[in-house]
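Got some structures for you, see below.
Next, two complexes with subunit A in common: one pairs it with subunit B, the other with subunit C.
What follows is the complex of A and B.
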């Protein structure tokens, strides 16, 4: 287990180094000039040069990369050109909103996946379920998100269409508003936060539900044919007990891996969904950084999500080994 | 039927006119066609028949566990301890499984939930923690406390089967169904498991249905034998009487094909039945008629009833009085073709060593298990050497090294003329590509020779004729052929370009007796007529003795004995060989002969290897 963790953390560092290098190179190729973007289109050349020197952009690329890496080692992701804040501080500020959204999307997605798989395994005619999954899976995420926003917010008004809370200027100790509401003894705030979370989380959960549901279903079909299921039936156990105690756990490995993959790759969808629902998280932050050629910010956020992906994968592997004692880490 | 007068008790199980139809790929077929049968408390009855005879279906029907996707249609009556099973609701069937009828499965490796501890799985059967330990100890498992806490994958096959027997017997069922409980186990473990089953069944007066394709196993265990063919009862009788004088040509065929350590190895095995079309048990005729050497006109016009004779034997055959002549005919089986041997070595293995497992890493010590420890073995041209040993002994690894499929860590492999050998694998169906016709797969070996298409076709037809397959079948896909035909095709593929050396990896272990006998005859004749050397890997000592000139015994990666086949069997030197020889079930054996072997504690590497 210790060897496993050491190996994975080593991998994490390696991936971050490679990723930082790639994103840094992109910065050199893309013809956008952050100094000009910051100074504005009508600024005199001297101002642009001054800003460029301030940001260290007049140094050779290799030197810039070296400086970046040495700062990175001290936990400094650099300074955002757009917000003029340390990027690490921005991550801490906007990260909880995104993480809260991801966790809710994951919970919703897993529940749906479970229901879908259960329906397909138990129903004799599950063609409708399969067709529905196919239809839902064929919708691109921006369309799902827009349709949800249009009907459930704009037309029906059941759920809010933007922001994290109805009240403004709320700050809590953790930044996770559902948790903060509960910690501060304000369940109304927690509920309000969940109410706001619902639409963006739902939009994000659709691809998770479909991919994990399919994976869980095919794993269950296979497991329920295994001889040990017959042994369990031969013992006279009830169908429910056989499904939950003998079936589900043995089928857990593949859908867990799929869940990890989906959550780890959520970043792309997060940009779209946070933009559509004006969710003040890292996705929206990235979109805005792109808009103002804020490459240091994009680089920093990319690294944060790279690390997030590796951590999720690690968590999945630990969970898999808990579910199946034959998998030794 | 009624029970013999010596059985005073009322039957615990009585089956009347049982018909079962199952669907497969949308086509329904009759699997059981009118079974009548009684089972007394404490009685052990062996259900004998080849695959497709419906013997496993009887077991599943009794448990109410026929697969739902097969849309089973059941008619007739099954009364188990006074309760009717046919037409019972799922809830009642569950109650029956909980307490009255239990099963011991065929393959213990897959029959335990891999993510649940042994103890938890036994407690699910309604046992307390103390009872779990008590039952594990009763089935002869060492250190029950450790085993109860263990996960199934850390146990060997024999240990798992003991756990499954404990699981079944602890419920004190009235009827126990043991569906080939030992076929997946090593021969020494087989004997222990049979003894355990018999003792527990006697102690608890549990009626046992013992499903097997092996008459010798039935002979050692059962009070009565019921022979099934194509979903109908062919013959029922007391074990010893039936084996001494079978009255149905199918039973006679099973007995003739059956080989053991006393069989005559100077000639081919007697086989009665041809592996023609698989008979379907419907219609007004004897369903054995297409394979029966005694068939007359009336056999295809009427269905023979199961008739009870004076001596209590029940037979469904019009020609049963001619069966003794048939048995006499079997003893004149053809002799082997003339063999040609020479001094040159077809295969030479020199100090082969092989280990498996992770090598030493930066953060991890080496966890290597030595599988082969310095093996020296030579096979001369035209000679057959059988390599025997239990699972985990390293015999399959050695075969793969001899085939050049696996590189040894140390040592040398050399073939005569440097030509790599051909291999016949255990699972013939899996060894054929499903989407290519068998002819094309044989042609693949002819392509490098630069022959014309016409010459290739001629060679393919010759090879198919050689292995006894109709050359017209070269356009068939493997899925359209029977398992026996597929095995013949793999042999044809191996010999279409005559190899100097043929390696066979347990080619008969998944076969019925009659099919196994035919395959042994084929391989034995081919290697003699073609002058091939052969390495025959098997766990079956009787097969090894029949096919091979010499036997090499492998124990945990060491060759413990190599010698002339008859000598190794009749006067084994190594203690391990003695144990293997002693454990082989023999047809002439009686229940008293079944020895009790001390349960061996098998180490973890054994469990992992198997």
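What follows is the complex of A and C.
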């Protein structure tokens, strides 16, 4: 099992190296001069030259790549042109908001995926469910977000439509406000944070629910037809035990892989949802960086998301081999 | 050769037999895709107003004169949306076409040659398939600079590997069939073997995958356009129209909602049409 994981880990590290190479190439081909951008438009030539030397931009490209990789290994992602802060510091500042949102979206998405899979499996003539899933899968994410905001926030006022909390200037020890509320013994803050999380997480969860639900359904239909399920039923095991211990566990692999894949697709959706709900996370940060052509920040955040995606993929691998020990061969 | 000709001679099916295998929802999808293509090509010549000019008061709600209302500087939203359909639909089809062409050529070639060429392609494709594609595509567009052509390039780079793998798998499957073996023994090789004997067998699977992908491409294009990385400001791209008016959602709902709804309609019709083509080809 350990050897298997090590091998997979090697493959994933390779993916990360390729990603960093692409990011480096993108930085190298852009016409804009980062030294000039950092120095400002009216800086004298000597200042620009000095910054260029500081950044190592006067070195050959291969040397620059080596420096880029060693900085990356030390967690240095460069400096944002817009905020003038180290990008790594910005990631620590805005990251928790995004991570909290992603976790809630995954939880909601997985629960809806179960509901959808059950609806599809139990309704034999499920034309309505099929059309509904097709329609939900055809929604551009910003339409989902806008409709949710328009009806549930503006028309009905059930949920807030922007921000993370009602109170301003709240800072907690972890930056995850639900967790902070609990740690500080303020359940009202935790509840308020969940209430604010609901709409953006719901918008993000729709594509997750559709694709994971579809995959879970087809896996369940396959598994529940297997002879060993009939054997278990013949032995007199209860329906729930058959479903959870024998059915779901064997069907879990493909939907888990799909869940991991969805994290890779989450990036674009996260930018849009955070923009629409003014969620102060890395997505909104990236959108603002697009707006001010802050390319180092865009690429730095892309690297962070890439690393996060690879971490999730590894987690999925572990979960898969827990659910089905044969995978670890 | 004579044997191959005899074997492939079909018993002529009745005309439109394929249509009977397609459900009514999917038929609506196929018709809708046809209509959207017509609108995208010819629609902008027949719109009631100039989409780039102020033609009425700003922020008029939808009514008989302005079907979708007017925008923040009094331009007719309907005319702009029709032009927006062109800017979304045609690039979408183009991306699919180019990715399909690149993927098929590379995939069929690798499947036919085999050996280290095939192994190399397999590794490259696997790498592309595990990379988080939207993420890198967005980074590529941001680095190359906003614009429709750059967007199309970035999406195509991440789309062809799927088709290459599919074409390759299909060709490996078909290679073992008797009619290909017969052709080989008869001395057919090179591009003729590829075009006449291997490619036709790979077409149905690729066609189904490509039509089902149209909706995905439309959604991806609209995400990039929403993020302001598509055509620059005055051009009426549907995603960008939505994103520019997001903050007026509560006052002038039609400005962000209608362009987004049109994207939804295009994508669901494309999905239905894809399903239709799948069931039409299944029996064939």
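Criterion: the second predicted complex is superposed on the first by the 260 of 329 C-alpha atoms of A that agree within 3 Å, B and C clash if a C-alpha of one lies under 4 Å from a C-alpha of the other, contacts with A are read in each partner's own complex, and residues count from 1 in each chain.
Throughout what follows, a residue touches a chain if its C-beta (ideal position, glycine included) is under 8 Å from a C-beta of that chain, and two chains touch if they have at least 3 such contacts.
Nothing here was measured: the structure is a model prediction, and the numbers come from that model.
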Looking at subunit A, which partner touches more of its residues: subunit C or subunit B? C
Check whether A:233 is in contact with subunit B, with subunit C, with both or with neither, and answer first, second, both or neither. first
Contacts of A:291 with subunit B and subunit C, given as first, second, both or neither: second
Just subunit B (first), just subunit C (second), both, or neither: which does A:246 touch? first
Should A:209 be classified as contacting the first partner (subunit B), the second (subunit C), both, or neither? neither
Counting only touches as set out at the top, which of subunit B and subunit C does A:323 meet: first, second, both, neither? first
Going by the contact rule set out at the top, does A:268 touch subunit B (first), subunit C (second), both, or neither? second
Parts of subunit A lying in touch with subunit B, wherever the complex brings them together: 2-3, 6-7, 226-228, 230-238, 245-246, 249-250, 323-326
List of subunit A residues in touch with subunit C within their complex: 14-15, 18-19, 22-23, 26-27, 29-31, 131, 134-135, 137-143, 146-147, 149-150, 154, 264-265, 267-269, 271-272, 275-276, 287, 290-291, 295, 298-299, 302, 305-306, 309, 313
Could you please specify the touching residues of subunit B with respect to subunit A in the complex? 63, 65, 94-99, 102-103, 105, 107, 110-116, 124-125, 151, 153, 164, 167-168, 171, 361, 363-364
Residue positions on subunit C within touch of subunit A in the complex are 25, 127, 130-136, 138-140, 142-145, 215, 219-220, 222-224, 226-229, 239, 242-243, 246, 249-250, 253, 256-257, 260-261, 263-264, 267-268, 270-272, 275
